[in-house]
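These are the structures, in structure tokens.
Across the two complexes that follow, chain A remains constant while its partner is chain B and subsequently chain C.
And now, the complex of A and B:
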């Protein structure tokens, strides 16, 4: 099977389970890894009682419960009170692990990488959280609204040095990123478009950490953006940009890369049905995401194991599969060292993902993170040790551990020699310490890095 | 996806590993054979014949604005003593560079390098219309652009990117330190790890040789039928474990040829030496020492800082030479600005403009390079720059790292003449 030969109509048609491509634990685990941060055995078994499209629909529909929101609000207050961005990141990691709406959270992370803004420059945890809340509110909503809201977001405008945008000196920085990184992609606009767009944003200011429109600084002269004359306000300009046919193509490409596969790069023809749908839906993101997650291509071998786990997927995913919990501050720190600091993306371009997650320093760091979580004082799996957790789940031998990991955590087969080798090891360590040893060893396999 | 297992071959460990020193000998031999043909001249170890991949840059950022005038001192100049009645350094105390100039007496380490012909002091480095904010000036040095220009990346980041280093399996550059990653290392395509210690380069496992062996051999097996992506991850894993082992055996085998100073900078540079000795393919190491913002009671504090830098850098240069990798090393020490010529009322100095940049390593034109900025021609009480900092970068890029200047600096700056034979 080769991506180049895939029929677009087949690719995005709903996946129907078959003998060749069964709806089993592995398939469900694949869905939960991509649409969220993984799932425990019970969630997977529950999912198998429904059809794949029903499970996807539930994921799209899911909302945070009010109990969960109350819990998060108190955690958030505590984190904000410290003023420490790492505490804020720890709080978000906790939210990702425990959320009843994992797809919403995954999409919030997607937008954080898309509209990347770093606390390193913004230097204000409250503004970072305001933006995070904004991203979550629109995560599966309308892209046009999100693009307008983010353009008034104080953290974003401070980050891109656009907090003052005066008539006499329009700031082109934000206008450029709107076109290049947020909506259209390079090559789909001219330098003239950037200058005109920047004029539309004149008078947009941040005063005392709030957005304000200063009409005395707004350039109300004639402006033409992307060939459309008579564009007046910043809001109108963003509508023009997001109405451009390149916008749905650009967003859909990024969604497919995020949810389906790192490589190879799909062609325009393959993406065309999704782009058309996004456009028909007036840039409502939810239905397109739903179609991607329930599609033939998504469940095909072309997607299975074809992404490198991001540090967040690795750390949160590992815990979620075993009902784990850990020291979130340490976890947030580790994510940063592995290249995915929450609230501190490396540049306005966000995280490139794919192979760039991997180098010798991060690979060792990933293995060490698993080791540290497994053996950390604050780590629990369903309120107990991993050995006890396995015992309670009827997982007693190394082969049963391998089977458990294979269906819940691994997207590609665990090499048989690995299980054999670790079986010997388990035999030598008769007490239950072999469980942590073996799980750590399995998670150092190259196979664990893809998902 | 079917659950059939991929066929496996247990591959033997590759041949015996040569220690880095002897390996390097061969590397530079083969590189020079390629360059000069079979009649390789007897300059096998000269820097000019070094492969691009073997060249290492260590950047030492002296944050806070180093007082260049009390670092490279025009001690015979009456204007110098007149401007600094309380904090001027006496002619009898300086460590001579030439007839006019001397190093601060605390810079014994740098003076030793100078004697060995391993130190180039570029004088009066700065830029037009100097900014006196630490952050803004540091950002200008890091990015090469000013605030009103778009600046998303740093000069080293752009270097790594333009040289296509996104796909190296070892990190192309490393930042050693706890603080936030320097802007200079940022780029869109290449991520640079920040590590606080070598611990982060060590595979932590339970205390059991069995598991260590198991992990190593399992990652070493070749996987047929693996996707490109999995193949890449597997190759990277093997490299990572090898790097980690190299590091651990380097930790065991590597013995510093002399002890490093007991300072944070000394420990960081010792780590750099250890990483170089372990054969990591990293090209750029970045470290930072803070505290140069000497507004008050400057003399003692400044002496400590200069001693810290001089001792740590000179130890690094000597040690890396003793390990056999000396020709691969260039160290660059810079600060975001110099300080006001006239001292202030608190025995200190305020933010200024141009200052010296130090380059250390083999193959340099040793001594003071360029003119000391004249003390009778100041701009708002500050020294005028004679060399744009990008000319220093240009020399590092073109003559040391052997890459083009324009993609990194955005324009062709004339490299300052610091490398012998450049």
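And now, the complex of A and C:
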């Protein structure tokens, strides 16, 4: 099967389990890995009692419970009170691990990479958290509304040096980024469009960390954006940009790369049905994401094991599969070292993802992260040691561990020689330490790096 | 002879050990508590159970527990134990696999010893414990004085049996020395003689002590014969040990002796006692103590505990001449520097009262610190001189204050005020006396106003809240200059306000007294509080941490602490809450902990004390 030969109508049609492509633990684990951060054995088994499309619908519908929100509010208050971005990042890692709405959180992470803003430059945790809350509120909502609100977000405008925009000297920074990186992509606009769009944003300012519209600095002259004349305000301009036919295609391309496969780049023809749906839905993201996650292509071999685990997927996913918990400060630090610092993306382009997650340094760092989590004194799995967790799950031998990992954690088959080597390792370590050694050894295999 | 031959090889590989079976008739005990002891060591023995005479004179370290049974009883029968055992956290802890494993191990040991562990402990340590390190033989030794010879023999047998059961047989060697059975298990040597169990890591050390035991405890030699005892004189003949005992006084529960003269011959120790400390904070904390120790022959520690407190005292001989001129800032030129007596305020968390002449430290920095520190001080001096309008920071500013300095931290009450910060910090203040209040008061008021202005300029550049100056005239000669952060619209009525709303920097004047405080309320309380009368027990430095105040500030920040625990330990909120509640309960068991440093009658003494609530 080759992506170039895939029929778009088949690709985005609902996945129907078959003998060749059964709805089993591996398939469910694939869905939860991509649509969230993995799932424990019970969640996977519960999912198998429903059809794939029902599970996807549940994931899209899932909301944070009020208890969970109250708990997160207390963590947020603490992080904001300290003013420490490290604590804010640890709080988000905690939220990702424990959220009852994993797709919502995964989409929040997606938008954080899309509308990338770094606390290193913004230097204000309250502004960073305000933006994060905004991203979560619109994560599966309407893209137009998200684009308008993010354009007035103080953290975003400070990050893009767009805190002032006067009619005498329109600031083109934000106008360029919204066209190139946020909505349309390169080649789908002209320099004149940028200049006109920048004029629409004149008078948009950040004063004392708040957005305000300074009508005296707004250019109220005639403006034409993307061929549409008579555009007056910044809000109108954003609607014009998000109404452009290139916008849905640009967004679905990113969504498909995020959820389905890193490479090859999907062609316009393949994306056309999704782009059309997004446009028909007035840029409501949820239905399109639901269609992607419930599609034939998503469950096909073209998607399974075709993404490199991001550091967040690696760290949070590892814990989530085993009902784990750990020192979230250390975890957030490790994610940063592996190139995916929460609240500190590397540039306005966000994370490149895919193969760029892996190099000789990060590969070692990934192995060390798993080792630290496995052996950290604060790490627990279901509030116990990993050996006890496995014992309570009826997983007693190296083969059973391999089976457990294969179905829950691995997207591609674990090589038989690796299992043989680990069988020997388990034989030499008769005490319970073999469990940690074995899991660490499995999780440093190249096969573990893909999801 | 056979026995000796067995022992010599063991001695060569540092042997000695076992559980001895002989039970000589208990008689007068020349080193212990018999009548001969009082004649030989009259006026010298710390308590009547000292085993110091069983250790060589070259022992550099010696510690003794006089009545371990009382300590065991204090610990295990303390009312706190019942309260701890009633805690849910304790009940949960004893159901954990780790505790069950520990219990199983304990039961195994009890089964092997055929007695409960407490009884075993009391049998082994019932009448004393002495440990020491001898530099001559380079050996560590411990002497456990049990309930009686028969019990010690029995227990020794069982310990050896236990070692045989649990250890590698090849690692256990048995033999005799002068008729005393001994054993070696994993390079640790044991021997039981009468009611004493000797444990050592060196055969030579063991032989010396065992000789001493046999010759003095067994043969009942006359005191004079001690001088010609095999192996030479004992620790009791060490003049520094004698001085230590004279200074320490009568019976203490636990005491320890360190021979600094011998220890000081080590280049590393000598360097540690004589070189510059290098860190200004450490210099201020222990600079004078370092000088005193460098000239002292010994140092000691004493521990005393009862149902309501535990007290650790560290002492060393003190002569004012031992303090070099550059460290006169520590004890004062006449050695009589004392910290001020601070008023007791409600909800106090911490107080520190000390004598330190900061101006002297600043001006003598060249003698006290290395080049790096002095570079830093020179830079700071330049900046501070600018900040203080050209007045020399050392000569004009620091020298304007008396060396008696106080520090106070109290809980802040936010109950009815907004903006209320999310994290509630204690208010803290420093209390000084001005040498020339008439001129300095005006100067300090102006400097404070400049500082507030400076903070506002810097704060406005970073979008921070602004300070507003104010003043409060409380009474004649009393003045409080205040500043407080001006709330913005979003702060008004907020109970989750920024950290800055913990602060309202203020200064206060009354006569010679000067207070600089993080909050205007504390400044006012300190300046208004009546000046306590000197009690005659002032010391160079004293610090007290009050558990009640600490508990209140922890309660104020309970939610923050829970969040911190959840993120740091990966706990759930319920687990985090339980941990914080446990911490609050534990703090509630205590009254206060204090530290004092002072000298009296030629002895420098540091005392740490912790008081629990009855």
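Assume the second predicted complex is superposed on the first by the 451 of 451 C-alpha atoms of A that agree within 3 Å, B and C clash if a C-alpha of one lies under 4 Å from a C-alpha of the other, contacts with A are read in each partner's own complex, and residues count from 1 in each chain.
By our rule, a residue touches a chain if its C-beta (ideal position, glycine included) is under 8 Å from a C-beta of that chain, and two chains touch if they have at least 3 such contacts.
All values reported here derive from a predicted model rather than from experimental measurement.
K.L.:
Which partner chains sit in contact with A:327 here, chain B, chain C, both or neither? Use first/second/both/neither.
P.N.:
In the superposition, A:327 contacts chain C only.
K.L.:
Identify which of chain B and chain C touches the larger number of residues of chain A.
P.N.:
B
K.L.:
Answer with first, second, both or neither: which of chain B and chain C does A:233 touch in the superposed model?
P.N.:
It touches nothing on chain B or chain C.
K.L.:
By the touch definition at the top of the document, which applies to A:362: first (chain B), second (chain C), both, or neither?
P.N.:
first
K.L.:
Based on the superposed arrangement, let me know which partner A:428 touches: chain B (first), chain C (second), both, or neither?
P.N.:
In the superposition, A:428 contacts chain B only.
K.L.:
For chain A, which residues lie in the overlap of the chain B contacts and the chain C contacts?
P.N.:
Residues common to the chain A contacts of chain C and of chain B do not exist here, since the sets are disjoint.
K.L.:
Quick check on the complex: what are the chain B residues that touch chain A?
P.N.:
1, 3-6, 8, 10, 147, 150, 152-153, 166-171, 174, 180, 186-191, 193-195, 200-206, 208, 210-211, 214-215, 217-219, 221, 223, 227-230, 232-234, 236-237, 239-241, 243-244, 280
K.L.:
For the complex, which residues does chain A have touching chain B?
P.N.:
Contacts found on chain A: 26, 120, 161, 172-173, 176, 262-263, 301, 304-308, 337, 339, 346-349, 352, 355-356, 358-365, 367-368, 371-372, 375, 406, 412-413, 415-418, 421-422, 425, 428-429, 433, 436-437, 440-441, 444-447, 449-450.
K.L.:
Given the complex with chain C, which residues does chain A contribute to the contact?
P.N.:
Going by the criterion above, the answer is residues 71, 74-75, 77-83, 87, 90-91, 94, 124, 208-209, 324-329, 378-380.
K.L.:
Touching residues of chain C toward chain A in the complex: what are they?
P.N.:
Residues 421-423, 463, 488, 496, 498-499, 559-560, 562-564, 566-573 of chain C touch chain A in their complex.
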